[in-house]
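Got some structures for you, see below.
Across the two complexes that follow, chain A remains constant while its partner is chain B and subsequently chain C.
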Partner chain A sequence: MLIWSRSARWPIWALFAAAFLVIVAAPLAVLVAAALATEWNDVLPGGFTVAHLGAALTGENQGSLLVSLQTAAVAGLAAVAVGTWAALALAAAPRWLRKGADGLLHLPVAIPSVVVGLGLLVAYSRPPLLLNGTRWIVLIAHLVLVLSFSYATVASALTRIDDSYAQVAASLGARPALVLLRIRLPMLLPAMSAAAALAVALSMGEVGATIMVYPPDWRTLPVTVFTLTDRGRTFDAAAATLILLGATLVTLLILGRVSRGRATTGVSP
Partner chain B sequence: MTESSAVQFDRVSVRYGQVTALRDFSLDVATGETVALLGPSGSGKSTALKALAGFVRPTSGRVLLAGQDVTGVPPHKRGLGVVVQQYALFPHLTVADNIGFGLRARRMRRTESARRVEEMLELVGMERYGRRYPRELSGGQQQRVAIARALAIRPPVLLLDEPLSALDAQLRADMLDELRQLRDELPDIAILYVTHDQTEALTLAHRIAVMREAELLDLDTAQGLYRQPPSEFTAAFLGGANLLPATVRDANGTVEVGAVTLTAMAPGPLVPGAHVRLAVRPHTIGVRRDGPGLAAVLTGLQWRGANYRLTCLIAGLDEPGGISVHADVPSIDGLPRVGSPVRVRLPEHGAAVVARAGAGSTAGDAGESFPQNLAGVA
Partner chain C sequence: MTTAALAVVGPARATRVSPLLWALPPLVVLAGFLIYPLVLVGVQSVTNEDGVTTLETWRSVLGAGEFHRAIGNTVLIAGAATAGCIVLGTFFAVVLALVPFPGSGAAARAVDTLLAFPSFLIALSFTFLYGAAGVFQLGDFLYSRWCVILAEITFYTPFVMRPALAALTHLPAERLAVAASLGARPGQVLRRVVLPEIAPAVAAGGALTLLLTLNEFGIVLFIGAKDVITLPMLVHSKGVVTFDYPSACVVAVVEVALSALLYLLYRRIFSRKGARGADLVP
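Up next is the complex of A and B:
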């Protein structure tokens, strides 16, 4: 705590609490209330129902939830695999290549997701790479958008692992593949778990690029929420959002548990 | 190269872009011998070790192990034991798995590997720690595990890269004793020990290779280098000798420092009348309030527990501004305050004529009157 005086701390805490209430807690509370409301014509919602939540877990909405989970799992896994491979490969690459590839891998962070979506739409709408209208274009869009974060997380952890671990392992007789599998990857596992969590969280919430490329049979939950809101079905949209939030949190908790279990034995991100 | 050379560096150079990290380095290490690579940071000693381990590829020259050229052989095929500065114990493996890593990598059978691990744990006195993780060990224990891991594969050569530098002073002294014992228990292993600490080098090494600016400067037995340092740099770096200008009076080692005449050890017959540098160890110098000796001014005093380090400025001696010398004395009884005149007494025997000059040595510079290489030595 930077402020030592006890009396000066209270106003700071009060200010923080007020800001948190307005910016984070109030929208969430309204979301929960809307998801459970029968009507909302006054200051407070009119009645209580779980029908919207029920609807969010059945039919098309349930399909969207499963699509979101699958998209996040595939994009997250692919992003961690590609990001880790890129980080390991570039760590041993010449300086000019490392700098160039590093910039390229970070590019999607700087580009709005709508631009990524449009780019993929234009690029994959003609043979031989005709992916427009398939689920693959959604998966690729998500991979492109989350890869930067996975790569950055693993690459930054890798810089904190001294070369001497791999060197000593090699001196003990371990071939490069064994050094990678038994030493380098286990030491990177906490960072890889964190990268996976970040990728899943970002993918579960992605809407900008997805809305431009999704086919009718691969509609993610955020797109459904957007559509419901657009049609004026605010309570159903709120319920779907709540489900999205819950599913994301559960996934992150599971990944967090893996990460914590390994954090004491390797290098944290 | 001798027949029993376990290690041979043959004019090895390592360059990183424009920077030369090791230049024309040649050295033999015999089986059973411990050689210390001693030098300041950036002197190339760790690069030499890395070139031997295969962690860096020499730009030119050859590295030989037991007479076989291994210059292009990858590290995992060299079979060397390596202990690095921060130990690099694998954090996700237990102590036993760390020690057994090399054995498993060599596909040794599990039962045999377990037996060897037990043997190694016993060797370093860590029998009860096999199931612990590295983070649960103290610095000294981690170091023992790192040594056990390196020795488990029974390497013919053990490379130690500043293995004590991460420990505190007391632990370092204890571990130095243990390393010396270990060295005596391993008569068939050649040890290359990289350090910047002269005490470690003097305690452990049969021979010391003094490194400076990416080159091997001097190579001799520890006692030889200490008693008769071949260069000013070695005289100063190994034992912190004072370097005083002297004039040779006769070929047998009689020299004059100012008005004081003394007998010095010399690497060969001296040329009468030649100007040379004399290495004088701080503990051999006496400082008195008055009496015989060189006139000086006491300019500094440090209490160092067991002794006092005095700094005295000797005027004259053909050096503009005088020459600062250090003296380690057990007591300062009878000495005047800092800033007062004193007499500096040089030892009648024990000083050594330094054969070669070298810039940036210690108190007092070589000066232009002192020629490079075998100055004053016939």
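Up next is the complex of A and C:
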């Protein structure tokens, strides 16, 4: 408690409420209102319509939504697999390798996503590997960008996990593969599903690298939203963004449910 | 039995494949999809369209006015947005933790959910809020630097608020009560007790925010102000709008150098102090 008199708290709360409304609540509310508006030429939107939402779920936009979902699923799964592998392998590696590799694995956070896209464009538009123009280059870009986050999630969970369970199993004669499958991975499962959720959320909203590398037949929803805004179809763009948020939320809920269901049947130390 | 004793007993160590070998596959993925492309970006920046090694592209890009404006915009926007996030994030955290009200938990979670949203969402809603035909009807404000700065403050405030809030939960309530009972006014308690306690966490969050705002692309792209060109926008327009790879690579190298410098500084400062809470993950 910082302020003891109740009357003195009110001005602070009022200031907080004002800042919160303008900074956090207004943008979200406005986006929802715009997605449902027929027109907006005044302080408040004109009429109410679900036509924009309908448009966001049909034709090209629906295709983009499916592309986004598939991209997030593939990149997220790959990132969790590679990130978990890296976290487990580096935990056992010598100190110099762990520090160096840890820095490298965090690097995609530090460099702009547009540069990641440009790099892939430059590197894979030439032999030995021609990936420019295929959907693979989009998937790779997403993998690189979300890998840091899934690695960081699993690695930080690994430092909090008690290693003695694995050591007991090993001392009782369990082979390393068995220890990994029955002890280490089940204990890491909550962190892995958190990593997957983070990866999906980031991948669904990624725009910087994707806009550099996407081929015409693999256009993600954020890129479609940008082309809509660019053509002045801002209401359709708002509706498509709302659909994007909805799809992300549903995916995260499913992921959360799966991990909870799995966690209860997993080992209970 | 203690952990140490178990480790001695553990027989599996002898049969393990070299840890170096196990670390190889993820590093190969990283090398192929990140390091190799970045190296080629560097090579491309000193190679012209005929494949000749030259510094001509560097000279023409670095000499151009648009590049100077882009650097100026990028640094100004990132600096101002970070300052705003530090002020606002600290204010939010202090109110939520120390002057709580009914529903403050829900408010904290609402700010946190912003982290899961794509940044362009903020820019898109700003066109309705601050556009010529929007809620506030502010004319050209939407296409100014200030609008980009406000949008970035909106999006990145949680990056400061979250570590500050985490640091505040470690602050013993008794310390505040003792300071107050000794006659310190709330302003004094804030300055002398609270702020010094959360300063490392706020600094770590602010450093991360500075790094991310330097690299921010979605917000600037979606607001689409023609006069507000930043370095990532320049990479994009040179790379895929005019297909001038060598020039795009020059700008990219400058960007990466700038970010890498900040990143190394960030890791050096905060891995030592062990300032918790500013990690990438909750």
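Keep in mind that, in the parts below, the second predicted complex is superposed on the first by the 241 of 269 C-alpha atoms of A that agree within 3 Å, B and C clash if a C-alpha of one lies under 4 Å from a C-alpha of the other, contacts with A are read in each partner's own complex, and residues count from 1 in each chain.
Everything below uses one rule, namely that a contact is a pair of C-beta atoms (placed from the backbone, for glycine too) under 8 Å apart; a residue touches a chain by one contact, two chains touch by 3 or more.
As the structure is a computational prediction, the values presented were derived from the model and not from experiment.
J.: So, A:171: does it touch chain B (first), chain C (second), both, or neither?
T.: both
J.: Which partner reaches more residues of chain A, chain B or chain C?
T.: If we count touched residues of chain A for both partners, the winner is C.
J.: Output check: A:201 vs chain B and chain C. Expected answer is one of first, second, both, neither. What do you get?
T.: second
J.: Which partner does A:251 reach: the first (chain B), the second (chain C), both, or neither?
T.: neither
J.: Touch test for A:114: chain B only (first), chain C only (second), both, or neither?
T.: second
J.: Check whether A:225 is in contact with chain B, with chain C, with both or with neither, and answer first, second, both or neither.
T.: So A:225 only meets chain C here.
J.: For A:186, is the partner it touches chain B (first), chain C (second), both, or none of the two (neither)?
T.: first
J.: Based on the A-chain superposition described above, do chain B and chain C contact any of the same residues on chain A, and if so which?
T.: Shared contact residues on chain A: 163-164, 167-168, 170-171, 173-176.
J.: Spell out the residues on chain B that touch chain A in their complex, using ranges where they run on.
T.: 53-55, 74-82, 84-86, 88, 90-92, 101-102, 105-106, 133, 135, 149-150, 153
J.: Of all residues in chain C, which touch chain A in the complex?
T.: Listed in rising order, the residues are 3, 6-7, 9-12, 15-16, 19-20, 22-23, 25-27, 29-30, 33-38, 40-41, 44, 88, 91-92, 94-95, 98-99, 101, 107, 110-111, 114, 116-122, 124-129, 133-135, 137, 153-154, 157, 173, 176-177, 180, 186, 189-190, 194, 211-212, 214-215, 217-218, 221-222, 224, 231-232, 235-236, 239-240, 245, 248-249, 252, 255-256, 259-260, 262-263, 267, 279-281.
J.: Looking at the complex, which residues from chain A come into contact with chain B?
T.: 162-165, 167-176, 178, 182-183, 186-187, 189, 262, 264-266
J.: Which residues of chain A touch chain C in their complex?
T.: Per the stated touch rule, the residues are 1-4, 8-9, 12-13, 15-16, 19-20, 23-28, 30-31, 33-34, 40-44, 82-83, 85-86, 88-90, 92-94, 97, 101, 103-124, 140, 143-144, 147-149, 151-153, 156, 163-164, 167-168, 170-171, 173-176, 179, 194, 198, 201, 204-208, 211-212, 222, 225-226, 229-230, 234, 237-238, 241, 244-245, 248, 252.
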